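One chain, chain A, appears in both complexes that follow, with chain B as partner in the first and chain C in the second.
After this line comes the complex of A and B, so read on.
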């Protein structure tokens, strides 16, 4: 007890506060910040913030590197965009694609995660199998699926073998191609959803499930009343990641359909922006399309996060 | 410890700031010393593209030989996809290569002064020095001639009771009907890249538009004519009719260029409208003796052959090594070994004075070349719609839209009238 009192720091006498105050050394802190924080900050500024600001600047011009001089046009690109059928079609296509990619992997991934939420080598192996598409390059996946979906590809071969005389043109029919593309994206993103939901399921306390069981709740009621609410954070992560990934999709479109068949059947906003910039040479207008995409993603993500986080808080 | 932290921070800042700095707009050309004390050997960058015909070995062998001849180090850059779009990306990011091959949309590149003009002396070895020129300036070496015709499988024609290739458009339709009646797909087309689906339309426009008015594209650029005109509509309706009658299989739009080529060589269709470069793959196949060719027939049976001369090397006008780059470009295009290998590998017809093709009698390549010579002798060559360059070509962005519109017609998504209105609207937007 005595030693505790002795070890306690003494209060400095009144009036001596400024004289005895330990010197606050600022430079070590600055150096610490620079050495640890600067790399991340610099990368973020150089590769995220600066390009966004520069793109926004370009979007206010008629910038065409092949047709100088560049002139400031204010919001004219944005006004034109809202009357441009090509852009509006691509916005519609991107929205449909995003809706499918947000809903389907979430629903199917949840179901698979529930089925795989068991111990054993088989379940571990199956988890790896479902996650594999996620780690593969999008281009590799796109090339594989392009071969699969061709008219004389394995899928139609199987359909013909079972008696379908005229199987669908998965990539050649403009009414189907968008859904073929969405299927490929769903297939790739499914593993991600499964892993996130499995992580969420592992965090559901067994005591709660046992208590619900003792109270007479069956498996379905236990899932909806106990498990599903506890998966709210996993749903938030999956929804936001899928939404962002789907809305800015480019590589699959470039490899599988190149925006076709025909004009605009599968041309997403990101694909259209690249075409506008590097085929049509209208880089100012393309920057406006890219900024519009950024704004839409930001708004949708903010709304989704707001709604889903509120659900988490209500738990 | 403090010193280490300070040094780390300083290095990080330096690295970060250097990453932020703006690159040199003059492209990737640098000078590189060949050794200590030795005179500096210049290095130039060369944008190429690879296909089944133009393999990495093809480029490496030719680059090695020609660069040694010129005395320059050449760094090869391979376009990952569309070479013109890739060149635009490189230009926009300040990395435009010193030399490029087969660049399209030349007016866009040249409009901002990025392409060097070749002098009369440079162009002296070329047969058509002003082919693909822009306002009289030759910025792309007019190195090769390509033609577009219909390749057909003789055995499938015989199966349908057709003894000879069609000479009029009515015969073409009758033959297509006979083939269809025998369960043979009349035409094979491709969908990816999209130009694979517009080649029959090029054929229709050859006979119905360019044969009567070879200046049509110049007039369109001047705003004197529109896509939505009677001649264009007639050709487009004939193209739409081929799709409506099932002679063109809309499911082919799902197949790549390689797959469409394989489909024709595998006998999955009887006719394959394609460029002369397909002769190389034909001759390399087991069915080369079963492949014949004919020009897209006109209603009245007159002979017209779409052709294009150009497609050679272009040079970055802002390169610090522009002179050596031009020297390399001319040396490349006039190198006999390169011309021989490109004629064999890609079935190109070098448009070089005094050059004679390697003897290849009895081949598809020979037949295609003979057809071209016949067209030249009869003054029957016309521009190839969708493939023109320089002042003869469409404005930036339009070839892609035109190719994709062909798919809209094949799938029935749009009527010919709707397509032509769309093309006029897009042209006005692009210009």
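After this line comes the complex of A and C, so read on.
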């Protein structure tokens, strides 16, 4: 079988190839695309690419399905956005939330992965506990945490029991609610970071650690000089995934706080864009908000990928 | 890295951190089996008495909240992942075996789709679906899922396809097999680990999707498990019995699905990152 393949002339002589190949091979190629590529591409184009273009088009209009006529307004939506306190506040809120969610699960997840990087039933069981939130829906997680954080919830019960007179209103205080929301997302994403770091840790060669040990490096030095540099790819994956999931957080806001308490104290950009589009029906303006969100995500992802990948190469 | 003189420190620390992390999960499980008034007053206590009443009440509701939601979720998730597997495997094969500029451009366009938030496209998608008469229908949601998640499937399949030797396909072609036969009889069976990853990831993601079914199915056309839970929270804010049992019963199917393929799941997730 193999010799058959080897005997088959894969590359015809150069001269004949340039002259005959395009003519002879064009129909099989088109048919190959139509039968294998086209169905998936067609649905992708209809439901992702065209909507993005349409969305960008809307962002240049004052489109509102219940308030015609629709007019072309150029970049005015984007100009308005830069003076719109609601939008700017939501950008600030989303940035704070993203910063917390990129840092905390990364740091804590690394600690837990190092702690659980052993074999045995206990460690396997503990790993399963940390993985579980990955299978749960954000809605389920949000409802459970709402009960945890309510004024009469278990957290405040415990605080009262240990003598705190006036425990904070985790979800009812506009200054705290954002951080409560960040806590929920950190809890949910922690398992993902643990999985990725554990995978990275299992790829660190034992010989390298032993060699360092023989050279007299203590556990802390071994970690920072041998293990940590080898976890660079895991750090890249975690940071980028956390960045994207935190910046487009919607489900938790919708279920836990509905953007409140107060006026928009937890209204992230993703939440604001959906509100503007489907509750206020200002679809032109909502499209501009969504496009701005996409641009910020794309820029942040590109920058962090660039920085973190360079770190990997330096290894 | 040995713990040195304190060998019990590591398991103890692990247990403590794990127990702390487990509290919300414990709360979700334990309250399913509690009388509703106890969920309100003593959320962390063990069920006294242990009761299945929340679940039996949920299953026998006259409005069929659970059975309708779970049927919708199973239909949407099942159809979406089957269609997604077929389309992304064939498209992935096409892209992995084409070296033309057109193929690379297509790949780039698909990869862009990996980070697009649904907010950007949902409003126009509702117009596309309305235009073809599929807005507020299950097939409409399935079509959207296929379009939205096909980049991920292609990403996984092309990556894996590069490790399948081309010689195998060329040999079959010489023996007179058609392109379809070569793919479905020879290549696809070799892609089993990739197929498992795609099925698991997309199955869990689509089952847990919230904003897409909320907008596309709309208020009139039934609910999936996630939108069902959300609506229960809105309508009966204090009916904890219904909410907790619906969350519990709504998680069982996806958890079973996950455990069934867990071996492949962890393998697929860490593929290439581990040494063995």
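Everything below uses one rule, namely that the second predicted complex is superposed on the first by the 272 of 315 C-alpha atoms of A that agree within 3 Å, B and C clash if a C-alpha of one lies under 4 Å from a C-alpha of the other, contacts with A are read in each partner's own complex, and residues count from 1 in each chain.
Operating definition for what follows: a contact is a pair of C-beta atoms (placed from the backbone, for glycine too) under 8 Å apart; a residue touches a chain by one contact, two chains touch by 3 or more.
Predicted model only: the values in this text are computed from it and were never measured.
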item: Chain B versus chain C as contact partner of A:257, first or second or both or neither; value: first
item: Touching partner for A:151 - first (chain B), second (chain C), both, neither; value: first
item: Touched partner set for A:35, first chain B, second chain C, both or neither; value: both
item: Touched partner set for A:270, first chain B, second chain C, both or neither; value: second
item: Which of chain B and chain C A:306 touches, first, second, both or neither; value: neither
item: Partner chain(s) touched by A:44 [first = chain B, second = chain C, both, neither]; value: second
item: Comparison of chain B and chain C by chain A residues contacted; value: C
item: Which superposed partner A:283 touches (first chain B, second chain C, both, neither); value: both
item: Residues of chain A contacting chain B in one complex and chain C in the other; value: 32, 35, 39, 43, 46, 50, 146, 254, 277-278, 283
item: Chain A-touching residues of chain B, taken from the complex the two chains share; value: 2, 5-6, 8-9, 12-13, 16-17, 19-20, 81-82, 84-85, 88-89, 91-92, 108-109, 111-112, 114, 191-194, 250-256, 259, 263, 268, 396-397, 400-401, 404-405, 407-408, 410-411, 413-414, 422, 430
item: Touching residues on chain A, where the partner in the complex is chain B; value: 28, 31-32, 34-35, 38-39, 42-43, 45-46, 50, 65-68, 146, 149-152, 169-174, 254, 257-263, 265, 275, 277-283
item: Chain C partner contacts - residues on chain A that touch it in the complex; value: 1-2, 4-5, 8, 32-33, 35-37, 39-41, 43-44, 46-52, 54-55, 58, 112, 114-116, 118, 122-123, 126, 129-130, 132-141, 143-148, 153-154, 157, 187, 190, 195-196, 198-200, 202-203, 205, 209, 219, 222-223, 233-234, 244, 248, 250-251, 254-255, 270, 273-274, 277-278, 283, 286-287, 290-291, 293-294, 297-298, 301
item: Touch list for chain C against partner chain A, complex; value: 1-2, 10-11, 13-15, 17-18, 21-25, 27-28, 31, 43-44, 87-88, 90-91, 93-95, 98, 106, 109-110, 113, 115-117, 119-125, 127-128, 143-144, 146-148, 150-151, 154, 167, 170-171, 174, 179-180, 183, 204, 207-208, 210-211, 215, 225-226, 229-230, 233, 240, 243, 247, 250-251, 254-255, 258, 266, 269-270, 273-275
